[in-house]
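Consider the two complexes below, in which chain A is the common component and chain B and chain C are the respective partners.
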Partner chain A sequence: MARVVIMGGGVSGHTAATFIKDMLGKKHEVVVVTPNSNWNWIPSNIWVGVGEMSAEEVVFPLAPVYKKAGIDYRQAKALGIHPEGKADSDTPYIVIEYTDEEKSGTTEELTYDYLINATGPKLNFGATPGLGEGSNLGEHTVSVCTADHADHASHELDSCIEKMRNGERQAFLIGTGHGMCTCQGAAFEYIFNIEHKLKSEGVRDMADITFITNESFLGDFGMGGLHFKMGGFATSSKVFAESLYAERGMDWIIGAHVNKVEAGKVTYESLDGTMDEQEFDFAMLIPPFAGVGLKAIAKDGSDITSKVFAPNGFMKVDANYNAGAYENWKASDWPRTLQNPDYGNVFAVGIAFAPPHLISKPMSSPNGTPINPTPPRTGMPSAMMGKAVALSILDMIKGKSTEPTHTACMSEMGAACVASAGKGLFTGTAAAMTVFPIVPDFEKYPGVGRDLNGTTGELGLAAHWVKHILHHLFIWKAKLKPGWTLIPE
Partner chain B sequence: MSKKHVNHIEPYSPQFGTMIPLGGAKFLRTCVLWQLVRFVAINIRMTILILKSHH
Partner chain C sequence: MIQELIRYPDERINILSTDVRKFNDEVDELVQDMKETIEANDTEGLAAIQIAIPISVVVAKDTHGEWHTFCNPRILKTAGKTISSETSLYMPDIEEEIPRHEQITFIYQDRMGKQHSMTVSGHFSYLLQRKFDYTFGGTFANKLDRKHRKMVEKKLSINGAKGEFNSDSNFSKREYFKSAINKLLFFQGLTLFTPLFSLKKETLETLYHYGIFATIMTFLLTIGYLAYAKYEASKVISCTGCQVVSFTAVAIKYFILIPIFFMGSYYLVNPN
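What follows is the complex of A and B.
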């Protein structure tokens, strides 16, 4: 009997765990270690953040789902990996610390035959003074990173709307809270949903809405931008994104590293090195992501964290980490099997794997401050990685191969993103975007680096319907309800 | 007075340098019949993308 341990129960971890258990059956053991008791469909948090959904609609408890699936669920956080075992045993194990009420603080060693690191990000609010402490949100801004954060944001938004009704003008600032953030898409969706909400509440004319981003141009999205086939042109995402903001009378600040947050004010450094301030009454700033801080320990007890993990805390996999300067980057630098190069039974998926480098061009201010978006690896790519690794491990356990048999490479796969611009059965809109491949490949697709037949974008009600249906479809799938395996990642 | 196509945009502001949708494009965005067609098209497009992406 083999034991597969998955650290993390988010999109990639949950996908990997449920598929591998479904395919392995009762003969083998699948264990999920996650500090959270609930699963959260994060893409819908933006609707919670404007009061269009309740927090309860985007989460559900994991324990009954895992019980039904026959998965051993440990509500705990992983502290460290011992991939070589210890002095008196060669069996690799991880050390976990329980976070549930009953066993809180208790640690345990958990052995594994295969390990999947799907720990996701540490929300590094503490990277920007005033934005928060460690992974905790501060008092000056709101967030939509978790369902609870989004619920809190919704209440703060209601207070602003009340003030506007009473004739008090309000300034909204939405965007990224650090020069090294990713997930601009969430901020993009949230600002459009706020604008839509203010319109529907009849107070739009009382609001000044500004987007602040670490992208060097709107529409970079951490992917170096993209081109859509539109009206006989290969149209840049810069034009597409700017058009959406301009149409709605929203301002934008690009190339900004927010370096301080105070009550009602942020200070930021721009790519040209200038320092500036932006005042706000309501601000939602995405924090940068970091690895969750796992340690790796060798058989002799020595610390091998720097061997297994990159300096940012994400796990090294089969990527080319020595690509050098931007001019030398290639699509082939990106990992395919997501297998750790030193320990063949260890994999990392989703945000937990260390990208070889950025996708966007690295930029910094004359003061040396890096200001560029980091690669997005959430949502659809994350789930596809989880499934590919599950299938590889399945083949390895069944003896079909000693090497991973499936791949999920960001320079070989596409992604679909449906970004809400406002909710409503007949009044809502969303931007439906597809990109193929995620990482541009200028050798395979000379010109714009992507397949223009697979890279598309449009705004409309239909895309909103798609996003709403996906909300229900993916929660159905995550709850392992009938037919869940038929719903694609 | 000539017909107003879009709201005033300050010349030389960043907003002045991009495309602005006019009435027809805005109408089609929420025209239910047209959006039903687009709904089918988006789903076909995404299905093809998913099929191309699994290895």
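What follows is the complex of A and C.
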């Protein structure tokens, strides 16, 4: 009997755990270690953040789902990995600390045959003074990164709407709270949902809405921009995004590293090295991501964290981390099997794996401050990674191969994203965008690095309905309800 | 070497130019070609995509006639709004009033890859805004509203350049299904206004029969749309999963609209 341990129960971890258990059956053991008691369909948090959905609608308790699936669920956080075992045992294990009420603070060693690191990010609010402390959100801004954060954001928004009704003008600032953020798409969705909400509340004329981003152009999305087609017409994401912002009467600040947040004001450094300030009454600033801070310990007790993890805390996998300067970057630098190079039974998926480099052009200010989006690896790509790793481990357990048999490479896969621009049965809009491949491959697609036939898009009510249907569809899938395996990632 | 300019209508103009990655002899050669092409066409500046090279390079002469090369430019800040009367080599004989920023601050890399920032205003600023737009897949037509864009298209057509902005040779044939469904639904929608007029029973029956016909046809066409889109996605498109989102959305929209229109026909038009 083999034991597969999955650290993390987000999109990629949950996908990996459920598929592997479904395929392995009762003969083998699947354990999920996650500090959260609930599963959160994060893409719908933006609707919670504008009061269009309740926090309860985007989460569900994991315990009953895992019980039904026969997965051993531990509500705990992983502290460290011991991939070589310890002095008196060669069996690798991880150390976990329980977070549930019953066993809170108790630690335990959990051995594994295969380990999947799907811990996701640490929301690093502490990286920007004033944005928060460590992974805790500060008092000056709001966030939509978790369902609770989004619920809080919604209440703050309500009080702003109330002020506007009483004739008080309000300034909204939405975007990224640091020069090294990812997830610009979430901020993009949130600002359009805010605008839509204010319009539907009849107070739009009392609001000044500004987008602030570390992208060097609107529509970069951490992927160096993309093309998409709407009704057969090709357009670039910059042209699309700028026209959409202009149409909705919203301003934007690009190439900005927010370096300080105070009550009602952010200070930011621009790519040209200048410092500026922007005032706000309501601000939703996405924090940068970091690894969750796992330690790796060798058999002799020595610290091998730097061998297993990159300096940012994300786990090293089969990527080329020595690609060097931007001009030398290749699509082949990106990992394919997501297997750790030193420990063949350890994998990392979703945000937890260390990307070899950025996708967008690296940029920095004359002061040397890096200001560029880090690669997005959430949503559809992370679920595809989870499934590929699950299938590889399955083949390895069944003795079909000693090496991973399935791949999920971001320079070989496309991604689809449905970005909401406002919720409403008949008034909602969304943009469905796709890109192929996610990481440009200049050797395969000379010139622009991407297959322009692999892009498409729809902007309108239908795409909003799709976004809403996807909400129910993915929660259905995550709850392992009938037919869940048929629903694509 | 003087290079041939791409002219309207050419879908390559919509390409998001890739950033210069290697600052080598090829960039020097490109810049030289662009300068010669600028001189030969008696113009002030060019983006590389205008000579069909999808790389983010702009070469321009300022108001003093001094040459500038901007690699990977990004406009960071703008100030003031104005209207500039502009022409473009991409759209010969067209002059339009385009909204621009009076002043822009931008960063760029020089031919050696060193980053700089620059603030310019007035005529040179408008020229650079237009050229930088090209590097991101936009012409000044993107700054025009739909009505003006159509007028420019018409004028270009009269001048012998027939086409559309953002035209795309990869136009999917599944759009024909959508077009047919939309037309059928449009006429069915018109029949729903019949209660406003006192029409004969026979006429109402005919219109109701059209409603039934349109319901059946639109339903079958939506099935056909889905089947064709799936076939097309698997045959032509590399990213099949990506396509599913798009065409499923459209099909869902029709599957909701068709029964609504039928109910309308049944309750509003049906004389029996």
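Here is the rule we use: the second predicted complex is superposed on the first by the 483 of 489 C-alpha atoms of A that agree within 3 Å, B and C clash if a C-alpha of one lies under 4 Å from a C-alpha of the other, contacts with A are read in each partner's own complex, and residues count from 1 in each chain.
As a convention for this text, a residue touches a chain if its C-beta (ideal position, glycine included) is under 8 Å from a C-beta of that chain, and two chains touch if they have at least 3 such contacts.
As the structure is a computational prediction, the values presented were derived from the model and not from experiment.
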item: Superposition on chain A - do chain B and chain C clash or fit; value: clash
item: Partner chain in contact with A:Leu461 - chain B first, chain C second, else both or neither; value: both
item: Partner chain in contact with A:Pro440 - chain B first, chain C second, else both or neither; value: second
item: Which of chain B and chain C A:Tyr326 touches, first, second, both or neither; value: second
item: Contacts of A:Pro366 with chain B and chain C, given as first, second, both or neither; value: second
item: Partner chain(s) touched by A:Ser216 [first = chain B, second = chain C, both, neither]; value: second
item: Touched partner set for A:Ser243, first chain B, second chain C, both or neither; value: both
item: Partner chain(s) touched by A:Gly449 [first = chain B, second = chain C, both, neither]; value: second
item: First, second, both or neither for A:Gly414, with chain B first and chain C second; value: both
item: Touched chain A residues, chain B compared with chain C; value: C
item: Touching partner for A:Thr429 - first (chain B), second (chain C), both, neither; value: first
item: Footprint overlap on chain A, comparing chain B with chain C; value: 239, 243, 413-416, 432, 434, 436, 454, 456, 458, 461-463, 465-466, 488-489
item: Interface residues, chain A side, partner chain C - complex; value: 216-217, 224-227, 229, 231-239, 243, 254-255, 270-273, 326-327, 329, 361, 363-364, 366, 380, 413-416, 418, 432, 434-436, 440, 442, 447-449, 451-458, 461-463, 465-466, 469, 488-489
item: Chain B residues touching chain A - in the complex, by the definition given at the top; value: 7, 9, 14-21, 28-32, 35-36, 38-39, 41-43, 45-50, 52-55
item: Residue ranges of chain A touching chain B (in the complex, touch as defined); value: 239, 242-243, 245-247, 249, 251-252, 384, 387-388, 406-409, 412-416, 426-427, 429, 432, 434, 436, 454, 456, 458-463, 465-466, 488-489
item: Residues of chain C touching chain A in the complex; value: 11, 14-19, 21-23, 54, 72, 74-77, 105, 107, 115, 117, 133, 136-138, 142, 166-168, 170-172, 175, 236-239, 241-246, 248-250, 252-253, 256
